[in-house]
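Presented sequentially are two complexes of subunit A, the first with subunit B as partner and the second with subunit C.
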Partner chain A sequence: MTDSERMQLSRREGVRSRWSLRAREVTSAYVLVTPALIIIALLIFFPAVQSTIDSFRQGDLTNPTAHNFIGLRNYLNALLDPSFLQAVRNTGVYIVVAVVVALLLGLLMAMWMQSLGGRARVIALTLIILPWAVPGTVAGNLWSFILNPTGSGLLNGVLESLGVIDQPQIWIASPLWGQVFIALSFCWGLVPLGAIIFLAGLESIPEDFYAQSYVDGATALQRFTSITLPLLRPALAIVLVNAAVSAIGIYDQVYVLAGFDPNKISLIGQTYLYAFRDFNFGLGYAASILTTVATTLIAAVFLKVVYREEQM
Partner chain B sequence: MTFKAPTKHHATRRVIQAIVGVIVIGWSLIPIYWGVVVSFSTPAGIHQSPPPILPFSFTWSNYAAVLDPANPDAQRFFMAIGNSALQAVGATALTLLFALPAAYAFARLRFRGSGTILTLLVTTMAMPVYLVMIPLFQFAVQAGQINVPFFVILILASGSVPLAVWILRSHIASLPADLEAAARLDGCSTGGVLIRIVGPLVAPGVVASAVVVFLGAWGAFLLPGIFTNSPNTQTLTLLVPTFATKFAQDLGVQAAAGLLGLAVPALLVVLLQRYLVSGLLKGASR
Partner chain C sequence: MNGPSAHRRAHQQMRRAFTPVLVAVSLVASLAGCSAGATASGSGSASGFKPGVLTKKYSGTTLEVGLPNYQGMPKSTLAEFTKATGIKLHMQNPSYDVIHDKIVTAGAANTAFADVVYLDPAWIGQVGAAGWFEPLEKWVPSSTIKNDLGQSLFAYKGQTIGLPWNLDFRGTLWNMTLLKKAGINKPPTSYDELITTAEKLKSKGVVKYPVAEPLSITEGAATPWYALVRASGNAVLKNGKPAFQAGGAGAKALDLIRTLFSKQLIDPGSVNLTDQQVGQAFGNGDSAVMLSGGPAGLGYYAQPSNSKISSDQVTFTTLPTPDGSPSAGSVGLEDGMGIPKASTHKEAAALFVNWYLQEHQLNAAYAAAGLLPPNAAALKTLVSQGKLAGGQPLVDAAMGIKPIFEGGSPTWYSKFSSNVASMVQSVAVGSKSSGQGVAGLVSQVNALNAQQ
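Up next is the complex of A and B:
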């Protein structure tokens, strides 16, 4: 065997051992990824596909043998159902309040925390994220004590002693105020995440930017609109989309504060009634898919708006 | 004279800072504070008007109602706390068991289709629980999985795996790969690399995703409500609304039960706040 042959052989050996190392890496990668894929396929993908297919089928428990395809009938029935449309309107109010409160209050919290130093900021952050840990049903329960129409209602008590109202109000019974307070009890647990994201966004803006604007004699408001807001755009996008998408799924607080009151019920509440009170699964499928499509559309539109503004 | 304006400006700034602080902290804590006040009040005291700022005629009886083992409501309460703990710990453990290996593979190993699979995984984050609850319910009825806590745990875990993979992947990817290579050269096995090197460094990410999954599973209401209907499997989130009906006039008991129910997740967030915030932000930034 000549030297060159030996070299060629060893090179081939090297290639082979490198190849087998690579093969082992690929194999172990698939072994590591497969369990996660299986659980997601079984419990998310297949049910989602089944939802989609069955939304075009008759699926009424009162008539269990009928399971034929009925085209868009379920969708039409949902869209023509006044209680579904009311649920759409109610959810719209929840989304608007959630988006506005998450943006304004989240940003206010973040700017306040940024103005604090060291230990004070850590304490503030701990107190501010606390509502995030509270289960939705418990949050609804706690807010019901504030809205309570009898003596223990904090809101009535405060407003009465300030002279704003002269007798206790049943806030949750009012169509508008009831929805606003349900939305606020939902925002209570939602805002902390937005505040954290905004705080990180504010921290990432270099001090120099502000220093230069001081030299140029910009007012605080000018600094905010010309430096802070544009540079905060990615954080704004995340908070906006998260608030809207979360609010479409609102259920716990509505249930605890208002039960299945038609003037308060959310899309998820209505879907629940279709499927688990009326046992009309076809209608439930259509409602859940319409809600999912709305979620995707709203997220896409918000992201597009944010990106288009960025190009301008 | 020239120094007066900045001082005045500084003072205004301090006043604004204080006002905003009162609003922000008030918003965050008043619902909890008011719940505490109600939980220490007698039923008669609660209905007086206008409400005082401290408990109306202080009493321990509301906490006794949910904690005294002689009371049947307390027995249900303890069972519910146990069920919630089982559900939250189970879902968290299962999520990490599925997500950690996958996250490591996506962050460190090159394999065909990894990009596609990751995209697929992220897409499932956009598939909300209400999209899958009806078919899963039909399956559970046929397969006798109603009132089986493990089935609820499995559904909760499947919903959390994509987010956990996402957070953990970015944490592992941000670690220097040289470290693992050096450990291998020093004779460390793959398992050893994972346990001794990657493990401790990725701990903040693990803690962050674990806390997020735990909070979600502890607070879950819709899913356990659909898949369970027996008192033996009732979680705290299901028990609290029934207390609101049963003790409609007795707000103190409702408040005591609710506050005890939020004590566990609140304690977790306060104790692990540092990991939670940094871990989440790292996951969000990539």
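Up next is the complex of A and C:
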């Protein structure tokens, strides 16, 4: 065997052993992820597929023998139901308030925390993150105390003492203010996470950019619009999508503060009523699929808009 | 061609690795199917079962009992059942709303969350149509069904699917100790008298908000309105059609609530409060009148562990009416129990239901938690022994129980109940007039009927 033949053989052996190694790696990877895949398939994929199939069936529990395919009728019934449309409008308000408040307040808090020194920042971070850790029902109850229409209500007490109102207001019963305060109670837990994401984004912007802008004589506003904001886009996208997607799923605060008030009920609340109160699982499935589709679309649109701007 | 052959080998290796996994998944899936089938079919057999005979035949069975957290049967009494039958009891006592959702979830999955399950008369239309509960005529002696007061509220298409264990109905609870402080010695009977009484209680500084009334958009806000309409002589619905508007009963009841709220005789914070929370306010002595309360309140508030008014004199009467004429009827809200068709221990469940509804056990529950026995003989015994708070007048009021919905509760009850609660709150806070509220509800009921 010549040297060149030996080298060729050795190269072939090398390739074979690399393939063998690769196959072993692939196999082990599949084996390792299989338990997780099975759990996901059983707990998420299977119910999701089954729910989607059942959303095309008649699912009225009070008429158990009727389980035939009815095409898109459940979807049409949901989309034509004034209660569902009202829930869509209500949820729309929650999304708008959540997105605006999470962006503005989150960014302001992040910038304030960035300006703090080491220990002060740690303390501020710890305090700010607390509301995020509070469950929605607890937050709802806290806000119920703040909005209490009697003299013991915090908001009425403060506004009365400042002379803004002359008698206690029933905030939560008002169609507009009720929705705004429910959204704010939700934002109370949402803003801290946004602030932390923004803070991480701010920290990742190189100091050199700001140093150069000082040399060029840029104003604070110019620095913010030309450096901070463009470089914060990834963080902005995450906060935006998180706020919108979380707001679509709002339920706890609405239930605690307003029960099943049609003027406040969210999409998730309406879906619950369809399935568990009206015994119409078909309609409930359709409503939940519509909510999922809306969530995906909103997230996709936000991400596309933010990232497309980044690429330009 | 080493590459492709190595690739094939890798694929073969992967297939080998996946085959056991796929087999395992198939096994799990088929086992799950078998298990679901077993649960769904249940035992279903009543062979050799004699209704009402306490036997040790089912000894060793563990019976799941799902009754709400306020069910008051003492543990020592429950232990007597286990001793007599050998059947172990596992009590699940979630809240009312949680039980409802458990019933629906289990029913939709063709299983049962317990072998004996709580039932509310308002749910009968829905769960009856869904066919989730056993007709009890097959499982419980006819004498038990006949003696159980209010069992007609649990009938669906002529079959009894639930039996009451707590004779609950709506009347008004008055803290007479507080009323007397305002110089009032007799509970009012008309709407105007009620308003005047509440104004006196407020103006004399006895209590800031004299009338306890939940106004959050929950079931608790709908019930007082039902009770006021019923006391005026109207059913709320008759065979699914609106009956509340006849003679202006529904609007008058709304006007009363609106007046009480606008004069701050009801706590403005009630728009966020449930019936349990306003009940607590009454128990704390923060209000003097619970417009719509149950007779169990007499026993409940008399216990120092439950309230701060245990030494006060609390009286239960029928609800006031617009002109003060005697109440035409009390809304029946009995708590019942049934046996799901998917239960795997129907015989043991039937033994328990029958045992629970006997005089001795019902009286024990009354002594422990003030739950009124739905049994004429038990009531008679309690009155004769002087143990019934409220005495004979309470029994007389109980005999005037009438259903909220004549002809049975509709399958769309839940939606209707939410609409009523929303209407009551809207009128109370002044967003709507009583006329608008009633007209809107009539349209909603017509729309619900049209959807059927």
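Operating definition for what follows: the second predicted complex is superposed on the first by the 282 of 312 C-alpha atoms of A that agree within 3 Å, B and C clash if a C-alpha of one lies under 4 Å from a C-alpha of the other, contacts with A are read in each partner's own complex, and residues count from 1 in each chain.
Everything below uses one rule, namely that a contact is a pair of C-beta atoms (placed from the backbone, for glycine too) under 8 Å apart; a residue touches a chain by one contact, two chains touch by 3 or more.
Being a predicted model, the structure only gives us computed values, none of them experimental.
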Partner chain in contact with A:48 - subunit B first, subunit C second, else both or neither: first
Which partner does A:276 contact after superposing on A: first (subunit B), second (subunit C), both, neither? both
Please work out whether A:115 is in contact with subunit B alone, subunit C alone, both, or neither, and reply first, second, both or neither. first
Would you check which partner chain A:291 touches, where first means subunit B only, second means subunit C only, and both and neither mean what they say? first
Please indicate which partner A:90 is in contact with in the superposed arrangement: first for subunit B, second for subunit C, both, or neither. neither
Which of subunit B and subunit C A:258 touches, first, second, both or neither: second
State whether A:148 touches subunit B only (first), subunit C only (second), both chains, or neither. both
Who contacts more of subunit A, subunit B or subunit C? B
Have a look at where A:124 lands relative to subunit B and subunit C in the superposition and call it first, second, both or neither. first
On the A-aligned overlay, A:74 touches which partner chain: subunit B = first, subunit C = second, or both, or neither? neither
Just to be sure I follow: which residues of subunit A are touched by subunit B in one complex and then by subunit C in the other one? 26, 30-31, 42, 144, 148, 150, 152-153, 168, 275-276, 281
So, in the complex, the side of subunit C touching subunit A is made of residues 2-3, 6-7, 9-10, 13-14, 17-18, 21, 24-25, 28, 100-101, 104-105, 107-108, 125-126, 129-131, 216-218, 267-269, 271-272, 411-412, 414-415, 418, 421-422, 425, 429, 431
Hey, which residues of subunit A end up touching subunit B in the complex? 25-26, 28-33, 35-37, 39-40, 42-48, 50-51, 54, 105, 108-109, 111-112, 115, 122, 124-139, 141-146, 148, 150-154, 156-157, 160-161, 168, 185, 188, 191-193, 196-197, 200, 238, 248-249, 251-252, 255-256, 268, 271-272, 275-276, 281, 284-285, 288-289, 291-292, 295-296, 299
Could you pull out which subunit A residues touch subunit C in their complex? 12, 15-16, 19-20, 22-24, 26-27, 30-31, 34, 38, 41-42, 61-64, 144, 147-150, 152-153, 168, 170, 172-173, 257-262, 273, 275-279, 281
Could you pull out which subunit B residues touch subunit A in their complex? 17, 20-21, 23-25, 27-32, 34-35, 38, 41, 46-51, 56, 97-99, 101-102, 104-106, 109-112, 114, 117, 121, 124, 126-139, 154-155, 157-159, 161-162, 165, 190, 215, 218-219, 221-222, 226, 236-238, 240-241, 244, 251, 254-255, 258-259, 261-262, 265-266, 268-270, 273-274, 276-277, 280-281, 284-285
